[in-house]
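For clarity, chains are labelled A, B, C and D in written order, and residue numbers in each chain start from 1.
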Amino acid sequence: MTSTTVPAAPPAFTAFSPDNWRLALIAGIVISAVAIAALPSGVAFWITGIMMALVAIAATMNAVRRRYYGGLLVAPAIAVLFVMNIFPLLWSLGLSFFAYQSNQQTIRFVGLNNYIKVLTNDLAAKDNWAALTNTAMFVVFTVAAQMVIGFLLALLFSKQFPLRKYLLILVLTPMMLSVVAAGVFFTYYYDPTFGILSYIMREMTGEQFILMDNKAGAVAGIVFADAWMWSPFVMLLVLAGLVSVPKYLYEAAAIDRVSGWRQFRTITFPYIRGLLMLALLFRTIEAFKIADLVILLTKGGNDTMTISYHLIRIANEQNKTSEGAAISYLMLFMVIVLTNLYLYLANRRTQGN
Amino acid sequence: MVDKVSIWEALGFRKASGVGEAGWGYTLIVAIVSFIYFIPVLMIIFMAIKPQDVALSVPPTLSPTSLFGLIPDAYVFSPTLENFTSVFSRSMTAGGAPEDTGFDRYFFNSIVIATVSVMLALVIGTLAAFGFSRYPLKGNDTYLFIILTTRMLPAIVVIIPVILMFRVAGLSGSYIGIILLYTAFNLAFTIWMMKSFFDELSLDVEDAARIDGSSEIKVFFKICLPQVVAGLAATFVFGLILTWNEFLFALLLSGTDTRTVPVAMNQAVSSGGRGTDWTLLAAIETLFLIPVFLVTFFLQNHLLRGVTFGTVKR
Amino acid sequence: MSTIEIKKVTKRFGDFTAVKDADLSVGPGEVVCLLGPSGCGKTTTLRMIAGLERATSGDVIIAGQRMNDLSPQKRDIAMVFQFYALYPALSVGQNIAMPLHYEKLSKDETDKRVMNVARIMHLTDVLDRMPGQISEGEKQRLAVARAIVRDPNCFLFDEPLSRLDVELRHSMRGQIKEVLTGLSKATVIVTHDQLEALTMANRIAIMRDGLIEQVGTPHEVFAKPANVFVASFIGTPQMNLVEADLKSFGNGKAAVRLAGNDIEIAADPAVSRLKPSKVTVGIRPRAFTAASEKSGDTIAAQAELIEPMGAETLIHARTSAGGEIRVVIPREMKVKIGEAMHLRPDPKQTHFFGEDGKAVRA
Amino acid sequence: MTAMTKLKGLATVAGFAATLFVGGATVASAEDITLTMAVPDWPPTRIMKKMFDEQYKPASGNKVTLDVDFIPWPDFYTRVNASLTSGEQKYNFAVSDSQWLGAFVEGGYFRKVNDLIDADPELKATMEQMHPAVVAAYSTYPHKTPNYYGFPQFPDVIVTYGRKDVLCNDEEQAAFKAKFNAKLPCTGEEIDDMDWDMFEKIGQFFMRKKGDKLAGQVLDDDFYGIAYQAGKGYDFSSMQINGFIWQYGGNTWDETQIPTGQAEGVVNSEAAVKALDHYLRLIQYMPPVAKTGTMDIFKSDELFREGKVAMNLDWIGLGEASLDPKSSKVSDKLVFGLMPGLRGADGKIIRWSNIGGQPFVLTTWTTDAQIKEAMGFVKWWLSPEIQHQFAAGGGQSAIKSVYEDPKYVTYRPWNRAWAASLDWQKDVWHVPQFFELLTQQQDQFDLAITGKQDAKTTLDNIAKFQQNLLKEAGLIQ
């Protein structure tokens, strides 16, 4: 930053000025605490809200006067995320150390017992581990399928050709579908009596064909539907990378008689690596959450239970809130490890060059 | 002097040169692939114009036209628009008169909620992305990663505190509540995308503008923002697609007046005391597809020009 | 043999004709510059030779073989791109080695050749750096290094020096010329900078609007421009091109009314073929001598603007007819603004162009 | 732009923002009472809302609005559960599945209504008119104790759906006679007398391939004998299997057996294993989707309506779609009868079945003023005249005077099976752990249905799980 004037010095703690956020914070906490203790929750909520707003205003004033532009710019996003996402997440994290069922009125601190239970308990742990293995399997299969299909589609569309725009939108459409509608329609496509798949297979082989009556078929069915829906997402990101490669590099490569594979490795890939990474990151995160399609297509039958569906059962259907929170935090831990591994590998390769 | 034209060239395959360009022959190949990829969607659209009585016929009816006798009659159905009318008005009780289904309201809700929340996320997220990119805080990457983690857990985990919070704040069933929630829902992706765009911009131009005496605000609006219009478009489309079809939050937090289409759509999944009403579901989905399809189509050029940025850094 | 020949080559993009019936041949060891203003079709011509564009019609013949239908890979050529087209993900050394992979050399052989070229192009110190980390001059040398690392049929350069500053450009001109001299390959260089063309080329092809206007040695195109365009394009300061009425021709002298003066001037006998008519007379600024007083072969003008250029002085002078002519006089001569001048053109450096713009010469 | 238009524009924007902010919140004045109700979106609730809007006049003279939140069936539990357990306190009334009672009563969300019934003799009389099976299933928690929580909204039982055109076809009748030396049931009465063996024979008899003849016509697709629920989702196999188990003399654990009742040895008794085996044996005569574990009540109904099976066992609640020619290929070929039972040694049919349908309940945060109006509404709803109207519009009534009225059977073709069925309906646990019990049981049954484990292992697993879980919960000692 090229600022020429020196920012004002921070206000004294006792100074009654609009940018004294420290004073505002202390006052806010005290007043809110009193309000929460003494007033009905509806009123206290609003008083606390107003206090938080005052602190926010003071902090903003402070940031403006001291030129903390970074903080100022980031603050609204952090505020929204905190209220709508991070606070609920912390709430869940807290609950995971209690024995609490949302349909009961009791709550009791149990420390790490929920975690121990979901990892080792005779009744609970087996399902968790099975669901986890299945999830890992789905993550590997569907993310791999999405990356490959998305990548190939992107290659197909990376050239300029007539009607490209109109054909591209056809390929993008699957990801615009609502997951529920797509899932329900896949049950129809796979249906052994009414479905097109079984009809075609029977016309060809003469035998009755039931896709979803074994694990391989059920997994294939789910992976196909998921990969079909979300490959366009990968495709769009990869395609963006492909079209950003300057054309003259390919021309130079043609002149230099570089083989196709080497051309891909040394010219194309470096341009799309970052985007592939982003696609991989977001698709992996989403694949870990796969539940809708499983619920619609198999209800977890044929050993296709996933951790996310299991979580819905535990936390929503069975109201075992704190056990669900423990599972979800274990899950979060795994996703964080995995995504960090991705990012670490990606950065190491970048720096390696 | 004209070169002899080989059959390949006539078909549009250029033999030499034209690196990155292709002709009609290539279009044909891509068209076939795209069409195959599109078939499941096409079958939904066809289902939407099928008469109810052939919805589940065996063999499945595949086309509204025989394509000049190309498709055998057994696979052809005669199209109807009836299903689209019944999305908005149909009998909801046995033998009752057609009544308003409320879908006009649901469509309106979906459009308002998705558009406003995605725009809001874009504004807030772009500012934050610019902050993260230009004025890195201490532990910048950690903040970014924490933002990403908000997308890692199934929504079901956070839903109970959110419902409670909404009740206390009087936001249950209001537009503002669900819009704020979706804004948060979109922020992670928006910030990560837009930061990547800002990271790619050349700092020289901005510094030049600062030296010329432009304020930081002017630098942002006049110099940076115009350069990432493409990125804004791309992020908007991605955000819209994700928000448009969001289901669980909408189910649990919307009221009767703010219900969105994905929630109401399940009317047709288990419809009127029976299982799936296939033609109705298809009609709803087809109608529901149109807005986001059009937006994507018109922003498509930006999508392609736009999503270009470097390596994801942690 | 390393030769390039194009015959009647035409390139159309839709309705637009970028290059029309271009003919050019480049012999072994010869350096030909394609020179012209931007958009004249010179780069398109080069790209057609490289195989990056397909000629709409005509023949592209490299090393005696018609190559219209061959992809760039099969033409065995080396090219230096305007923006260098360095592979951003590869180091300098890897960049140089890139064209060698095709030849499937041993690693030692590859390294040897890379080192050799790096030495010639003064890149040995930066071999391990990435293209983003080297200077503009090094990038340019790297682009050349990558081209000369192998033994192609011919060399093509697309505006090789356009991104360098004046000083670097000057030294690179010399370096490239030196390298090319040692290789005895047919070479085509595209440039819009006449100085570059004049200094580096054996022959220059001047293009305008898709047409090759003149092909000749640097001396030819300067001394005997084929038409008004070439005359005006080559030479600094620009040649004076003055509209004149040719009245008669006799005794090897043409009587013309030029810029308000009736003068007689010795001219090429071919001028006699012209009927009394409008002609364009071209006189280079350095072809004037200042006479002390008016005579039958001088043009009267008034100095308006004086630009000292070091060894010489450039004077913009206003003729009595109102037109402007540029005159370069030695530094020693002192001229004041407003001073009347009598300028005597050197008949040997005076060119007559007919109404069609073509030079009239025997 | 003039200052005036600018101002107007601003006002519009502000107005819109205000609308956004206030959203759906309704402003209530003193005598306006709004009752908010969570109901699944289907005809029985739609018709209730319609009847309320058109006919209901509160005795109090207040202006009562019934704000009904129609929630699509697949998400109904998720929505209601989240709303109740999160403390959203949004609904005054909720339609609830009978099994949910325990969970939400223990959680303190459902209001006990004994005091309200006792305070109102008319209502008390109506409740006494109610069929006891329905009262036990829909109102009581713990099961079968006199602690009342709900009122029936839509009571439901499983009946047999048959296709007259194939069952009564002369050729088929003759062929069946020749093969089994028995009369192929054709009329409602004959179906009423059908036992599982006959049902199995019908299943076996009507297995036809594409190209075979059925009732004199060449089939253009495979045809199957029978269908019933055998799906993994929700309770889409337990509801049928329970019937088998009870008929075989087996039992399930429920909270009426506290504290002595056990799960192990009861749930996996020999009789229960035999019952499950019998249930599984019939699956081979069902359409192939049964092998995937997704043959739920909707799938079997769909297959029946599309004319792919001769007989289907399903809830009455799904019947309307079969009658509607737009959604049914068999709308004019229907015959209904009782659900089959097991023929005992004495030749009489042993009958038991799991009751379906839903009560509606009051929530604990409903205010006194709201309760007053709510009870007015309940009384109105359970009054014979309205119950008749409801039945005529496609609903069912569990009030004796209504369903015993000769008019009742004329409302819908399946009503002939209604009154008789009520007598042998039972229900399962209402305990708070119901969803855990149900999910595990459904998972295990699914393994058996898809052929991955035998009946014995299945029931052993279920028994063991229930024993552990209920012991942990202190329900088994």
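As a working rule, a contact is a pair of C-beta atoms (placed from the backbone, for glycine too) under 8 Å apart; a residue touches a chain by one contact, two chains touch by 3 or more.
Computed from a predicted model, the values in this text were never measured in an experiment.
Engineer: If you average the CA coordinates per chain, which chain's centre is most distant from that of chain C?
Structural biologist: Chain centre farthest from chain C's centre: D.
Engineer: Which chain lies at the heart of the structure, taking centres as C-alpha averages?
Structural biologist: B
Engineer: Count the C-beta pairs in contact for every pair of chains, then give the pair with the highest total.
Structural biologist: The largest set of C-beta contacts joins the chains A-B.
Engineer: Rounded to the nearest whole Å, what is the centre-to-centre distance of chain A and chain D, using the mean of the C-alpha atoms as each centre?
Structural biologist: Here the centre of chain D sits 37 Å away from the centre of chain A.
Engineer: So how far apart, in whole Å, are chain A and chain B when each is placed at the average of its C-alpha atoms?
Structural biologist: Chain centres of chain A and chain B, defined by C-alpha means, are spaced 16 Å apart.
Engineer: Can you check how far apart chain A and chain C are, centre to centre, with Cα atoms defining each centre and the answer in Å?
Structural biologist: 60
Engineer: Could you list which residues of chain D touch at least two other chains?
Structural biologist: Residues 78, 82, 85-86, 221, 306 of chain D touch two or more partner chains.
Engineer: Would you mind listing the residues of chain B that make contact with two or more other chains?
Structural biologist: In chain B, 17, 19, 56, 58, 159-160, 265-266, 269, 276 touch at least two other chains.
Engineer: Got the chain A residues that touch at least 2 other chains?
Structural biologist: Correct list: 102, 193-194, 251, 254, 316.
Engineer: Residue numbers of chain B touching chain D in their complex, please.
Structural biologist: Residues in contact with chain D: 52-53, 56, 58, 92-96, 159-160, 163-164, 166-167, 170-177, 179, 251-252, 255-258, 263-267, 269-277.
Engineer: Taking the touch rule as given, give the residues of chain A at its contact with chain B in the complex, in rising order.
Structural biologist: 1-2, 41-42, 45, 49, 68-74, 76-78, 80-81, 83-89, 91-92, 102, 153, 156-165, 167-182, 184-186, 188-189, 193-196, 199, 228, 233, 236-237, 239-241, 243-244, 247, 250-251, 254, 273-275, 277-278, 281-282, 285, 288-289, 291-292, 308, 311-312, 315-316, 321, 324-325, 328, 331-332, 335-336, 339-340, 343-344, 346-347, 350
Engineer: Chain A touches which residues of chain C in the complex?
Structural biologist: 50-52, 71-73, 76-79, 81, 83, 85, 87-90, 94, 98-99, 101-102, 130, 146
Engineer: Taking the complex as given, what residues does chain B use to touch chain A?
Structural biologist: 17, 19-24, 26-27, 29-31, 33-35, 37-38, 40-41, 43-44, 47, 56, 58-60, 62, 124-125, 127-128, 130-132, 134-137, 143, 145-154, 156-162, 165, 168-169, 180-181, 183-185, 187-189, 191-192, 196, 207, 210-211, 216, 234, 238, 241, 244-245, 247, 261-262, 265-266, 269, 276, 278, 281-282, 284-285, 288-289, 292-293, 296-297, 300-301, 303-314
Engineer: Mind pulling up the chain A residues that touch chain C in the complex?
Structural biologist: That would be residues 246, 248-249, 251-259, 262, 266-267, 269-270, 353 of chain A.
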